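Have a look at this one.
Chains here go by letter, A, B and C, matching the order in which they are written, and residues are numbered from 1 within each.
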Amino acid sequence: MSLMKLTQKDLLGIKELTVDEIQLILDTAESFIEVSTREIKKVPTLRGKTVINLFFEASTRTRTSFEIAGKRLSADTINISSSTSSVVKGETLIDTARNLEAMNPDVIVLRHSTPGAPHMLARLVQQSIINAGDGAHEHPTQALLDMMTVRIKKGRIAGLKVAIIGDITHSRVARSNIYGFQKMGAKVVVAGPATMMPRGIEQMGVEAFLHVEDAIKDADVVMMLRVQMERQQQNIFPSLREYSAYFGLNRKNLALANKDALVMHPGPMNRGVEISPDIADGTNSVILAQVTYGVAVRMAILYLLTGGQS
Amino acid sequence: MSLMKLTQKDLLGIKELTVDEIQLILDTAESFIEVSTREIKKVPTLRGKTVINLFFEASTRTRTSFEIAGKRLSADTINISSSTSSVVKGETLIDTARNLEAMNPDVIVLRHSTPGAPHMLARLVQQSIINAGDGAHEHPTQALLDMMTVRIKKGRIAGLKVAIIGDITHSRVARSNIYGFQKMGAKVVVAGPATMMPRGIEQMGVEAFLHVEDAIKDADVVMMLRVQMERQQQNIFPSLREYSAYFGLNRKNLALANKDALVMHPGPMNRGVEISPDIADGTNSVILAQVTYGVAVRMAILYLLTGGQS
Amino acid sequence: MSLMKLTQKDLLGIKELTVDEIQLILDTAESFIEVSTREIKKVPTLRGKTVINLFFEASTRTRTSFEIAGKRLSADTINISSSTSSVVKGETLIDTARNLEAMNPDVIVLRHSTPGAPHMLARLVQQSIINAGDGAHEHPTQALLDMMTVRIKKGRIAGLKVAIIGDITHSRVARSNIYGFQKMGAKVVVAGPATMMPRGIEQMGVEAFLHVEDAIKDADVVMMLRVQMERQQQNIFPSLREYSAYFGLNRKNLALANKDALVMHPGPMNRGVEISPDIADGTNSVILAQVTYGVAVRMAILYLLTGGQS
């Protein structure tokens, strides 16, 4: 007898989810894939529901993915981005959220640079909060779509070896995926420059390497993280050329992974930096499948949080 | 026999409305409150109507409120903000409006820094213009939602004492509320720094004070205006600390009002400046109710201007 | 027996269209004019289709026109503008497009400063690409609405003399209209400053003049191009005053055209520069009709590209 609903009103992080809840989300998401392939890509499930995308950081794919997910469920979607919002007038995030709450939306999707911002809002407002990325903390819908991609492409998650490569310290994608893949029974290893490897990372249960080759060896999944160009000024790595040479994924080091290993990237990619173009577009790459499944995962979450099952 | 429709095609200011028209809008708005509390928050009333939000000043709450109001009535809503518009190409407001008119919208909601801008457009185009704030002139939907809040929370408007505190000179909220509450039979008093008090304000029929205590005494409604931080450079008040001490609402001066006085603020609030946090969140505060009723008021106006009654 | 569908999945330029295809688009557009004049301005034709407006240059009228066209056909419309997109994160246009493709939209409307950008995308992605302006190359929907305006106002295109005046070198509007009007049997002449007249323009089959009077003489259509103010720094013309005096349309030089000549402008207008206000608003002007027909043309294109006929 499988789980039928989420126990919390919000989706804040993978850390807060049980294995059963992750499975419920992935199962529901798989059933939604088909909607986006129909002639008429729309179901009336969330008609009359209001979904607010409240983005304090620039984003194309995540905001668009949520907006498309909402519209394909027939929800009314409202976009608010920081550049055009009252934030310029000095209002606190709390007051912004309480004001939105007073307009009776059903879901607020929040991206914010402060870790924990969605958790704070979730305690303050009645509506469902979905964390669409909070600083370097979590990005749960990204991890869910990554797990979904692996489950579909590999048929399972348990027992696989997942290598996450790059700036582990500053990556919400890494953190959410470490939680998620471990919960689902995979072995997670990480690799990256010493300056980008958090102290005590082993306490999260992962094995950490300073050479990508050690992490990639025999991996079933190789997940490359985006190099955040804006961090270069901070001198935590010497040059893009050096980064690419030592930490980029290319034909040579990918050969160390299992032959049918999946190559993943959360996007946007820096081609030629953390991933070579031939690998990004190669037969192992499931990068675009991630995007496709992202819409389905977000449809599932919107559906489950608005009480779809009831 | 009550009024059944508005006599003008536009909503430009409270000054232009009759008492019957204000009552019609408030009555209609009250009937729309319930829509936003339904499981399916949507009625088909404005299906196939096009509402354009044309905002030349940054706004979260007003634009979002109009957009939600439009969508809950099933209208198609289009947002245009100055940062992404042809305004950067030097087109006149008149030509922008005429061009939008040629696309056959039903309503254009305009926010503009120039007083009278919506009035000019209303004469030029066939469609209904709603003034969502024109410089320091009027903000009629704000005053209507304020009157609605008082009418619901107090059961009446006539005979109440309404104190409006802050930068009266530069506030479109103050101006619209002075017109509105006086028309509905309330007594309006104002208080603020001498540099923020327009000469001849008494000719609008209000009593003006330089000490907030004099205005708040025995008030039924205390409406605080937002301090516009950007005006500080103009040296019209010495410091935020001093402003807060002399003109901010706090537990001590609120005690001078009637015990069950309503505390109102149009938002966004500067907590600790014009209003102390405990008062903003206290039992007298109806600040979030204002936001909720704002959606209903805007639904009512969109409905009435598009010929709902006919 | 007339043509029933477009042969390509995309609308990239007028150059790529046959006469039959142009006629099909204009016929279809004429049948859509009526939708925007109904009480309920909406048909269910594109319900469940997703249209993405991907704009890398500021635009009000074109983006709004496409958005209204999509909504009146019941499509879900998504806006992405460069200022809020992943472009700031350094993603390539190709990756942006492939990612959008993976979300299964039906149509991507692209405006981009690089000539040929939509053509490149069209080869890469399965979905229909509509060119909403690519650098100084083409702006096919503008030319189609211009041809539609002439066909409706004049009853025909073949045999007319069309004069296009202004910065021919940098104008995608000029280029698309030269292709379009010539294909439909009109004679096209151009005029503009020598610095704005491309070498070898005669090879496009047009006659080029350096004096507007020579071009306007006996014209049935006078199409003024927008002066791009930002080009002034490049010193390709000496002053706005001089430009207006030598190349602006006014009562005096318009008198050289046929008495019932149509005055057109793609907008946004610089009143008093390339066109005098009395002419912009005069009886010969069909500038606002262009905007109205623009919505209908875009509805037609969205309809035809999404397989409306099938």
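Please note the rule applied: contacts are C-beta pairs under 8 Å (C-beta built on N, C-alpha and C of every residue); 3 or more make two chains touch, one makes a residue touch a chain.
Quick caveat, the model's predicted, so the values are computed rather than measured.
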Touch-based graph of the chains, sorted into line, ring, star, complete or other
complete
Matching the CA atoms of subunit A with those of subunit B requires turning by an angle in degrees, to the nearest 5, of 120
Give, as an integer number of Å, the spacing between the C-alpha centres of subunit C and subunit A.
40
Subunit A residues counted as touching two or more neighbouring chains:
83
Quick one: which bits of subunit B touch subunit C in the complex? Just the residue numbers, please.
47-50, 52, 76, 78, 80, 83-92, 95-96, 98-105
Complex contact set, residues of subunit B against subunit A
36-42, 55, 58-61, 63-65, 67-68, 71-72, 81, 83, 226, 229, 267-271, 288-289, 291-292, 294-295
